[in-house]
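Structures are listed in the sections that come next.
Shared between the two complexes below is chain A, which pairs with chain B and chain C, respectively.
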Partner chain A sequence: MTTTTTEHMPRATGRRSGRKGGFARSRNADRLTRAIVIVVTVLALVYILLPVYWMVKSSFQTNADIRALPPHWYPHEFTIQAYLDMTYVIPIWRYILNSIYVAAAAAILSTLIGCSAAYVLARFRFPGMTLCLVAILATQLIPPITRAFPLYSAIQSAGLLNSYTGIIIAYAGFSLPFCVMLLRGYFMNNCPPDLEEAALVDGCSYFSAFWRIILPISLPGLAAVTIFTFLNAWNDFLWASLLLNQGDMKTVQVGIGDFSGEGGNVRYISMFMAACVTATIPALIMFLFVQRWLVSGLTAGSVK
Partner chain B sequence: MAHISLRQVTKKYGRFVAVPDLSLEVAEGEFLILVGPSGCGKSTLLRMLAGLESVTHGEIAIGGEVVNDQMPRQRDIAMVFQSYALYPHMTVAQNMGFSLKLDRCSKAEIEERVAAAAEILALTPLLDRKPAQLSGGQRQRVAMGRAIVRDPKVFLFDEPLSNLDAKLRVQMRAEIKSLHYRLKTTIVYVTHDQVEAMTMADRIVVMNAGNIEQVGTPLELYDRPMNRFVAEFLGSPSMNMLPGEITGAAGALSLRLADGSSIALPGRDLGLAPGDRVTMGVRPEHMTIGDTGGMGLDIVVDVTEPTGSDTLLIGRAADCAITCELDGRPDVRMGETARVTIDPAHLHFFDEDSGRRIGAAG
Partner chain C sequence: MERKRRWFCFFMVLPAILFTVVLGLIPMFTSLGWSFLEYDLMRVQEHGTPFVGLENYRTVLNDGRFLRSISNTFVMTGLVVVVAIALGLVLAHVMKAEYRGRAIVRVLICAPWFVPPVVAAAIWAWLLNADRSPINSALMDAGIIESNIRFLTDSSTWGPFSIPLLSVTAVRIWNGLPFIVIFILAGMQSIPRDLYEAVDVDGGNLWSKFRHVTLPLLRPILGVLIMLLLITGIGHFEINYIMTGGGPQDMTNVMAVYSYLQAFNFFRFDLASAAGGLILLITAAICFFYIRTQLRNEDR
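Moving on to the complex of A and B:
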């Protein structure tokens, strides 16, 4: 019945009257829209992935193949020699272990402190609470570079310069405002207060209700802030080069950066690219591992 | 099983007084229901009993021990929440055994007590399921199971049936009542549903704006409401109210209504005098259709609602909304004027200013 009515709908009543809008238009318009969407998506993807492809491709080429003009879009001489030899010129595994240690410790510290602070801000009313929230938000408005000297000075005064502890504390501090705000929203929207009250009646203390009931049901939110802090710390170059730039203690970003600065990216370009590829793998594995939790954690607080 | 005493309990939120100076005694093993409209303070009172809200002034004692400063876990109470508040990451068995685990009971004891509670509530086949895999009624039963597995001194129920459909609510009402009969534990139950209150309670406390309006057995409150609020709140459909002035002489009094018409009142002593401004209350079931020569009223019928067993006739008389609950299926049409007779043995009179019940009427 509906089809018949549509077919007999007078078309001369004006363009707007027959238009249903969105994707429910004519079949040709629908195809055109889809084609445009696909083309734009592919172009965006190429734009984003081209440098990654270039890095991966170069890591499987010889230096001569990489330097060929015009450039080769794929390896003419495919080789894994750069992966086998890179450890002779750059202690990449040591740097990766340093990065994993620093990023994981910062992520755990930030999540532990962040979830405790977020829980208090989500559940309890106390004098100065609004001020706390405003102050936490305000930290996000300060450009990171303006904090460089004060933070360097503070870490130096504490005797933590060129120590893992110093950089871990710094990374956790940078991520905390985001962690607190995200988890506060998560607790408020996804963890009904009735659950804690039921736990209190069942015999829990406030801490035990938080630990046994609220944290287990907040795993998506916790995963989101953990991976956020981990990736922030993993990708950081600025703070690591300021606070931790001594010999074997370097993180992978600083290590590769220093290797590049010493001319490694020119003389050993394929090994440099192989080191870059290797440095992305741990973060990629972690991201893929918690991706589902991360997505649900980031969206859970936005819509109830 | 424990006796509960609330002595001059006050709860303030800043300047707002939610519960002002309330005193109440709940006997051992009693099923007491707090009923009242939304915002009347009944849930606040229950939460103070549970230890989830602090007490601003006054004392709460459970089993003779003042518990004002005790955490919920120290009070030996169990509570069923309106939302059920089941732990979503635990199975039914883990939910029910959680409090026992916190009490460091042995694994064997936890299993035994959970199994016994599950047997009572027909939850045995569901013990391994998570709350998300249960229906509303099953979740409600798990919430009750979590409470009864502990054998506490007092059960607190906070509108536990309000999320269920009508049929399940009737079924669960009977189950809770039978559970109380078996366990004999003191129960304080909060609801805004007066049918729940009437059908389940040993005693009802009707609350309004933080104050207790009346305490008594369901039938006491229904038959002798002490004020207009209680009279209108209890009963469904609620009591018809006809404001007017008493005229005539002692022994032959009448109630003159707003439209100038009069209703002759029975000759017995009603505690009324000519000139009194009162509101006469009549329950819908105490009105019958037809003119039998007694007290009567002409009603313009707006709507008739046949329920099968009886018929609700909704209309107007003297600018007042009137509902009559009539037996069977009387032949009355919308828009007609019908004569109804009022049973003179069931009249209620309330002072027009204070709303308080007058004399020995009824």
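Moving on to the complex of A and C:
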């Protein structure tokens, strides 16, 4: 009896101390893990922010200050001259207005066309539904370069090259699938089906249930999707470089290329940086509007 | 009633489907069709566009530049997938953890999202300009390097790798990072909290939480993410085109840039379409698996 208790005692304490040791070890391991994560995060933040900082910093420098060797990490002569002068070199405000116009038109057009399709694809099952989804997903995913040339030719032969109409059509085409998938996810997650069921029982038609009940309560989602679509079109370079590359009608993404000569040498470097900051600000504002939708948007459909 | 509902559905999807077919699928198949024709814009007046079968594919696949661009496409896409997902996993945890200043860190991590790719490529090209690069100057001050790294112009190669290729890849990772982080974060939010508490009870550490809970439960989402990154990576155009135009000596040339240059610099719409056709083939195959996974998830 006594032997068993004496045998038991140390074993029990041993186990307990063993577990304690395990805790201590895991706490030490956690400290190491945290330290590694913090180091990686700091390095990643430097990597992420360096270009942004460099762009903003350079836009407030003189050309000579930017070209100084070794490079200056902050403006030695702080100046906003580049922002004042850039408008003499390229019509940047005009380019920005062009971008806003085509991106907004494309975003509104594709949200309008997309919302009805998104709604029925989210709510009903009907013959051909899978086919519709496959067509939309395939168009959304397969890279635009695989359809750029025929679309370019078609728009050229329709006489719409270097016209706003041409590029708005192209943008609406590439935004629409994205819009439909995003809105479909929104309708599935945020609109309880009981709402329009009640309306249907009351004798509403399917369409007026959609038009009078679903759309009004989905306005925040529609706005977020419109802004995402706007951002996609705002950031585009491929279509803009093909369809709208002459004179005053360029979008800002193509327009800031006016500063660079052959081989990517930038002649007016500080003005170029100021133009880059100017081209980023509208995107930043839009981004801040939709920022809180990012995570839910991604769980719903796939934002790109 | 049932019939009425069906008609309603058809009318509602019709406009979107028309747009998708006319602006998406038809141009895609037309492009595929062109890849079997002779379509040289300089000779189209007298020659027309005769059918040549697989001749264009034979031509591009015998072109050393195109072969180089295929290998670059896959090397770059592979690097983006591996590095960006590894980094994304770390940063997603940082975005999810609770501490003071999290809101600011969240916006900062998302910075590349609102910098337009054209601007990003131009700024990076300036940052990586060998003589005036602050990165070179910082590394030099730290005593890590002796002479400037020529990020975008060094012409030595190690197999498929070269400094310009790695530099452009780094910019592409930079550009794609916010999307990846948010995508992983969205996935992490659906992991039930009690699973982590169970690890706590067993005395497991942070690493075992990640290894035995987060990673296994994220697997389906990471699978979807990898497919998306492969599709966008293989068709990627903008950053390569703006930063280097494919140079130096095709070290950063990728399939989409090759295709674009064939069409708009050399006016060979047939060769451009053949290169595009190969992109279509590869991405459509991945797309098939992606769509199958998505549709299966919905049936559940």
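To be clear about the criterion, the second predicted complex is superposed on the first by the 239 of 304 C-alpha atoms of A that agree within 3 Å, B and C clash if a C-alpha of one lies under 4 Å from a C-alpha of the other, contacts with A are read in each partner's own complex, and residues count from 1 in each chain.
The rule is short, and it goes like this: a contact is a pair of C-beta atoms (placed from the backbone, for glycine too) under 8 Å apart; a residue touches a chain by one contact, two chains touch by 3 or more.
A quick note: this is a predicted structure, and the numbers were derived from the prediction, not measured.
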When both partners are placed on the shared chain, which of chain B and chain C touches more of chain A: C
First (chain B), second (chain C), both or neither touched by A:Ile217: first
Touched partner set for A:Ala198, first chain B, second chain C, both or neither: first
Partner chain in contact with A:Ile108 - chain B first, chain C second, else both or neither: neither
Partner chain in contact with A:Leu97 - chain B first, chain C second, else both or neither: neither
Partner chain(s) touched by A:Cys132 [first = chain B, second = chain C, both, neither]: second
Touched partner set for A:Leu161, first chain B, second chain C, both or neither: neither
Contact set on chain A toward chain C in their complex: 19, 22-23, 25-27, 29-30, 33-34, 37, 40-41, 44-45, 47-52, 54-55, 58, 67, 69-71, 73, 110, 113-114, 116-121, 124, 126-130, 132-139, 141-151, 153-154, 169-170, 172-174, 176-177, 180, 206-207, 210, 231, 234-235, 237-238, 242, 253-254, 256-257, 260, 264, 266, 269, 272-273, 276, 279-280, 283-284, 286-287, 291, 294-296, 298-299, 302-304
Contact footprint of chain A on chain C as seen in their complex: 4-6, 8-10, 12-13, 15-17, 19-28, 30-31, 34, 87, 90-91, 93-94, 105, 107-120, 122-127, 131-135, 137, 140, 170, 174, 177, 179, 182-183, 185-186, 189-190, 203-207, 228, 231-232, 234-238, 241-242, 245, 256, 259-260, 263-264, 269, 272-273, 276-277, 279-280, 283-284, 287, 290-291, 294-295
Residues of chain B that touch chain A when the two form their complex: 50-52, 71-73, 77-79, 81-83, 85-89, 98-99, 102-103, 146
In the complex with chain B, residue positions of chain A that touch it: 192, 194-195, 197-205, 208, 213, 216-217
